[in-house]
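Note that subunit A is present in both complexes that follow, paired respectively with subunit B and with subunit C.
Right after this comes the complex of A and B.
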């Protein structure tokens, strides 16, 4: 077909079988999917995004806007892959996308006929109203019609990884400049990373025919790569795209370890996301050719001239038997010469320049333009308008177009770099403040000759190493092509009503830019957003320049004045799997297990996630059919006899030092200075703005030693806050903090028989009688014949209760001992649900009430805030706005019919008031069924709630539909006087 | 970003938790006569400079030091990193 008989860097001895849209084809090792398809005569590779126009390859690299395909099947199915960079492997299963029922006959190609209605701003203008239509009508239709490939819903069977690399010098791109830089720095002994997105390093050296010294470019590149591979201080990362330049010399790169294989080797990841810390970096990313817009310039077979000769030289493939070249610069002539050298019939060079040079063996039409093309599914002919105005048709199968080359400035603008216009090459070059430590060399800086790129790469490496205090010598570089850039800017062929494409991927035409100009969207940023120019997955690598040039023409400004939009990371699209790395499924984040976890699993506990912790939620027993049954039983058993709950997850902070008491006195809003040794006190912490932050207890084990507890959710934040106070506010206080959450296993032992149970565990020399160890006592004790422990007589349930702590490694054993010793009391383990029910019954505030909006006064603890001392948050808690008499107060609620459910989140209104925000009186924060009261109960915040006890209100939740009549009551449903606590 | 910790050397910013303006060190005296006004300024009024900014970072995944980092908010250039405790002492804070 179109495979040339000789040449190319392909292994003709290896035949690789692959399929495209179900049809079998063959290619060779070294092929990309695009080159293999072209070799098989397949020009049509996809349909465009909006108009569903037939499309083929435009480029031979990662800038490809058209040839987006879907690779593989099942869990490995991957949409929107550029065929131009997909390395061919045996068994590759590729499919076109965005076409139904098929690529050659696509139903939505009707959009192309409707193009007069689908111009720039179509969505903004058409789908404005009614708003309600968006979700149900417009969006589903648009999502079905637009969009590219389909993702699979199967799990990805492959692993992805993340890694960290450090180097003196990161070199991005392994073309002539990058290889020269790497050779210079590598020989000097510097730690070098050379990254290139291609599977074969060499860049344009692999696709051009000019010699380096007495070698071909490809051979010279292979020799340098071999030497670099032998240097232990050089790491070569082929198949690796540097995605972004971040602060302080940090780069992100994705290495496609196994995308070129049917599946990854055993134990290897599919891709690795590297974070590279570099001392210096040299950007050698080359240049990207830009097309010239003309009527119907998007047909399969019309491609960039540089890509056309890349296919011929590297892959020995011609896109057609007869071709032509349309150019505004000398580089286009190079394509014609290379193709002719390979025996391809070049019909003509259409050169827009009146003074175009001649070219041996082919007719050069100077001052001519391509004004139209034909061929529904692939190029059949073009219409050329000669300098004298005559038009005639040329029958060709492919057209190479060259509008000049843009330095690939993307990474240079990821920080604050702003590309600057260079008239000499009619393109933007890197400008402004480049990312820290970055230099640019070679074509990426506008140095387009091979000789210039080699020298610039070596020079940049010497400079970079010198910045790092190292010396390096330039290697002997071969003599190479050193031609000048000769170009006369020419952006689009005018005088036509037909559409001329600028952005192929997002279907933006010259007409669309003209419309944007007419409607006032003239700044480049507006142009981009209104027309979507450059907003596709290719970020406009081949299209931005043309769009800017057309806008400049329309506004009568220069391109330099018009400016350009910025490129942003990632340089090319990244698989989400690579970003996630190993943080997927169970490994998304660590799982923290309580000391009694293994025991709880044995009991058949149901677990719930509390942050990273897994906590026992309840312990179902045989015969129980629903969670409520289990929870009600656990509550009744605890209140009736004794229950045990693992409360290890509460944060624990050890506070020691001469000033420990004075320190806590400033951290908590209530007083701590006078707390006696051996006593515990409830403490409320405020934020400096006066809002409640967290609550817990502080137990004084010695004059200079406290143990502070925090809620499970705030353990980290409270510790950070206390360190802030210690280091930043009162740096000379003698106080040390350490988090001991994981060091101590802690269990609540609650219920009237809790003392009796503990007496069987605690060593006999410790007096647990009510006088010997009263409510809010604490002490260091021993249990089970000498095991060190801490005992606190505190209660969250409202019962006679203790919390007992042992070193974590004894936690499992202690739980088993408690269960054994408690058999005579019918001891019952309880989970977080029963814990929650009992604290609501007792009216204790928890996370739902300490919700970042409530003050001590709201919580009914206003008097706790001491005005006798300076503590964090005290001053601002007293400000006027937080002291309103009509403010929210925490109260309890009982439904007037006990079995009517009250819902947390329900809002409170007067009976009969309409369900409107204006009538809102507060909200319910926590609600449950109370087995103790045989009724639903709730607590929440009500305006002036303390004055409304006994009133009947409405608790309504528009979300769930619950609407319940409730009576306002004290939040302390159980034992309001606290008699049980002190028993 | 890389923060050059005065005790530990260069560390990735991901190891740190950010708080904000280092003026949070200058907590007023809650018992002073003008406390309400002083705390209003302290808690709510901040400069938001485009340029050099002294800010508090906590080495949460490291040694738990609070640091005062002088960072240019436009370029992200970091010109100085100090232990917040040293800064607080220099500013006259004690017990």
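Right after this comes the complex of A and C.
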């Protein structure tokens, strides 16, 4: 066991049981999965992506490329989770991935033997021929072999929230710089959000042994966090990763509310995706250590030196009993000292620098390099080449490697700012244009000493608040370590033919970069895509610099000239559930319910989605075995007596003002200026380009007051169009618009008995006779002894029909009253299917015909486009191309055999013509079975259709295989002279 | 008096009330709403006349006011929503008609009573609730603030007054909006 007897910030009194690959282990509260596995002597945690090489933990943070595991089971199964940030909880079920049949013996480790073939660009070069093999053979095989974890196909049982936060100052990272910034701004009374991805704030203060004043770093951090927690103006977001910096000081962050629990509390989210609106931001994201590439540097047990130190100091875990350190800078020596202080045997410090300093208690091999390692499933030894060229082997269980530290610049570059090279620390620091309002402080800016980070954090907060017009004073910060960075850049050990890994996650080696260079992929962006360097879950946090450095060597350029790839959000992987929030399943989007919805549910209605509306599609009755039976019955009942349909969903726009009539006269292509009060007119509105936009009615309730109706689908679009016209085209018109779609419950009452039914509920002082309330009349009335209502004598069905509207709250009651009152007429509710059948029978255009490609002329309404006035779209509707005599015209179709089905979407061809585009004469837009005619019928667009009545054509659908002989007829199948409407 | 029984936007005869943690969410169906939009060139006159009707200044941008009998919130340039008690006993004397009688040709007035569902939200921790619903900065939602925002894809108005918040959302989506409020409250508390 590798748990040290003392130390660490774990709760040794709390023992947590967990499993890894089915084997039980124990850890403590405060452990990560990685620290607990290391404590149990488990170094082998995964297999690499391509070569299936055994891999152990490399880091102690979110930059981890190797120790990717699968957590939980069932719907909560989550692949590719970094063991280094997975907080241990009792009952955690973890498994390795990308290995079969097991982690220790993985069949696809054969890839490692084939590595000479599986170099960079292998796929691109190999799977070129034959082309047909790619989709059916190559890709499935590659997909099976590649990839890491497996996604579950079970539904995620957990909820995810999205939320919005506002603050004066967002501080990203709660290490020394972040805590100092938060303390400064918090004490000044600013609204502060401090976010850190760790569950324990403090950053490197929690893993270093340097004192801050008379306290340990961890104790000082805990004290500051406690003070911040007591301030009402400071919000602490632990377990929260700021994922991206966006425009105008907006940041995205994911808070892992319940990832450290077996499952979230009832009703609580697993994670929250926050959108943070900040006045200013201070990026204190710290730095990430980088490895040095050498032959076989990927074995379990070889890890970053800073991580090794973190495991010892924070989690009281040593990865092995005997270790060594390979470094090019003084920070590696710190690791050796800390391990020795905890009683770990440090065999040697291998320092590439010839002038490496000495270190008490351990041999420092100055000018030496690690040239190889051994140990199939875990490190057993390393081979060291000393400065004099002699090589000898060291038997160790773990090796800490430090190639220096890279400031964590990712978020500073999300707005395309390019980092700049700093020779003093041999690393990139934030540069170029930072995201609006962002400052960077601490190690993220290359200020690597604790003292420097504290001062910089406080200074950044003061500056940020000053920018916001607030004043703040630096708190009394403790004295802390203030050492300088001493590093001699060293990227990889040369002179070997063995593979030396740069990108552990994607199995990219120094040889791969060399090959990319050799083949001309020298731009860093090309290098990334050709080799996959820096891709996938870790986005190259530990690998990019090494790759750039090798490429720089090969091209003879400096690293600064070589540059970095683009940094993009998200900073770390995000669960898709967090992005979706609560918009999943039935809650994917809101639902709109009609006023008669509850009543329709009681009737057993089948509903259909119409946009966000749920509309009754039909009302099945006992004994009816298919929807057609229900729909046919509803149509026959309506045409035979009376039917009622909820048409609340049609858009309603209240148009008022002195210029209301003139305004509508410009909106509609047909005339409205002279419409009398108390009358309704059908209107067609065109887009600017002359194409039909929408149709509907406008009812004139007063000289200065109209109610416009739109189709359900275009309610919003038409309102927006009219508002644009009102505000931007004709601001000098006195017109006011407001939607009243939801304010009125509206029902179509259609059929020869509709008047008789309405006379039972409309108050007696209102005359509904044909003379008193003729076709296309409208009026404000009362029903049921005084309930205000509006009545329109309009018809979509072609029958004597009305639409009656009452305030929405009375819609349910009115529907029930209509059904009661209509019992003597066998009143029948009908749904959208019967509505559709009847409008096709009547030849009314609807959404299928107003499809964004058709003109008034196509629709048979060319003469409606008035040439006596100007209106939107009128001029362009007269374009030559839209006026062709041979153009499409809306006509009807009847199959020569009535029971032969005609399909909407079928294309029209001459009889005997081959089914190909060249022979296309038009298309069927709407089709149904007409119970009135006892035949299938259809309407559609046919070239010169108005001249072809009586012709027999093919209506063929290559999609469905239907091929029906049809006769061209008038689209008005029922009551073509309109007698019923006016009865 | 007619005999049609009204339903609340949530589909019941009585308003729904939910208490979750420190917050109580109450459907309020007893308010009449009417939009008032100044006619062209009547902005100043309409604003003044509306103030007279309200008994207090017409609300400015992003504000709401409460007069002795009627309240109002700003909706758009020279356009307000006025609210008052919904008189179930005498819906003929509706708010819109009364306002039109007062404002005459200075304004276009449209009844909006049925267009919206209203939820009154009271209790401690409204910030914790609303930060999971919309992008309004609750710290700046002082009494008398009225803002338009999106809640779960629904265009809504949020008014801060009398120590609580009022949410107006589209009536047809009342159940979806209620679900959003309840779910967020359970999540927050």
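By our rule, the second predicted complex is superposed on the first by the 968 of 983 C-alpha atoms of A that agree within 3 Å, B and C clash if a C-alpha of one lies under 4 Å from a C-alpha of the other, contacts with A are read in each partner's own complex, and residues count from 1 in each chain.
One rule holds for everything that comes next: contacts are C-beta pairs under 8 Å (C-beta built on N, C-alpha and C of every residue); 3 or more make two chains touch, one makes a residue touch a chain.
Quick caveat, the model's predicted, so the values are computed rather than measured.
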- Message: Taking the superposition on A as described, I'd like to know which of subunit B and subunit C A:640 touches: first, second, both or neither.
- Response: neither
- Between subunit B (first) and subunit C (second), which does A:433 come into contact with in this model arrangement: first, second, both, or neither? first
- Query: For A:277, is the partner it touches subunit B (first), subunit C (second), both, or none of the two (neither)?
  - Reply: both
- Given the superposition on chain A, which partner contacts more residues in subunit A: subunit B or subunit C? C
- In the superposed arrangement, which partner chain does A:878 touch: subunit B (first), subunit C (second), both, or neither? first
- Message: Contacts for A:732 in the overlay, against subunit B (first) and subunit C (second): which applies, first, second, both or neither?
- Response: both
- Query: Touching A:847 in the superposition: subunit B (first), subunit C (second), both, neither?
  - Reply: neither
- Partner chain(s) touched by A:475 [first = subunit B, second = subunit C, both, neither]: neither
- Message: Please report the subunit A residues shared by its interface with subunit B and its interface with subunit C.
- Response: 277, 659, 732-733
- Message: List the residues on subunit C that touch subunit A in their complex, please.
- Response: 1-9, 11, 29, 35, 37, 39-41, 79, 91-92, 94, 105, 108-116, 131-137, 139-140, 152-154, 170-177, 179-180, 183-184, 186-187
- subunit A - residues contacting subunit C, complex: 159, 161-166, 191, 267-269, 272, 275, 277, 582-583, 587, 589-595, 597-598, 612-613, 648, 654, 656-659, 704-705, 732-736, 738-745, 782-788, 806-814, 817
- Report the residues of subunit B in contact with subunit A in the complex, numbered from low to high. 1-2, 13, 17, 19, 24-25, 27, 29-31, 35-36, 39-40, 42-44, 56, 58, 60, 64-66, 74-78, 83-85, 87-89, 93-95
- Item | For the subunit A and subunit B complex, residues of the former touching the latter | 246-250, 277, 416, 433, 436, 659, 662, 688-689, 716, 720, 723-724, 727-733, 869-871, 874-876, 878-879
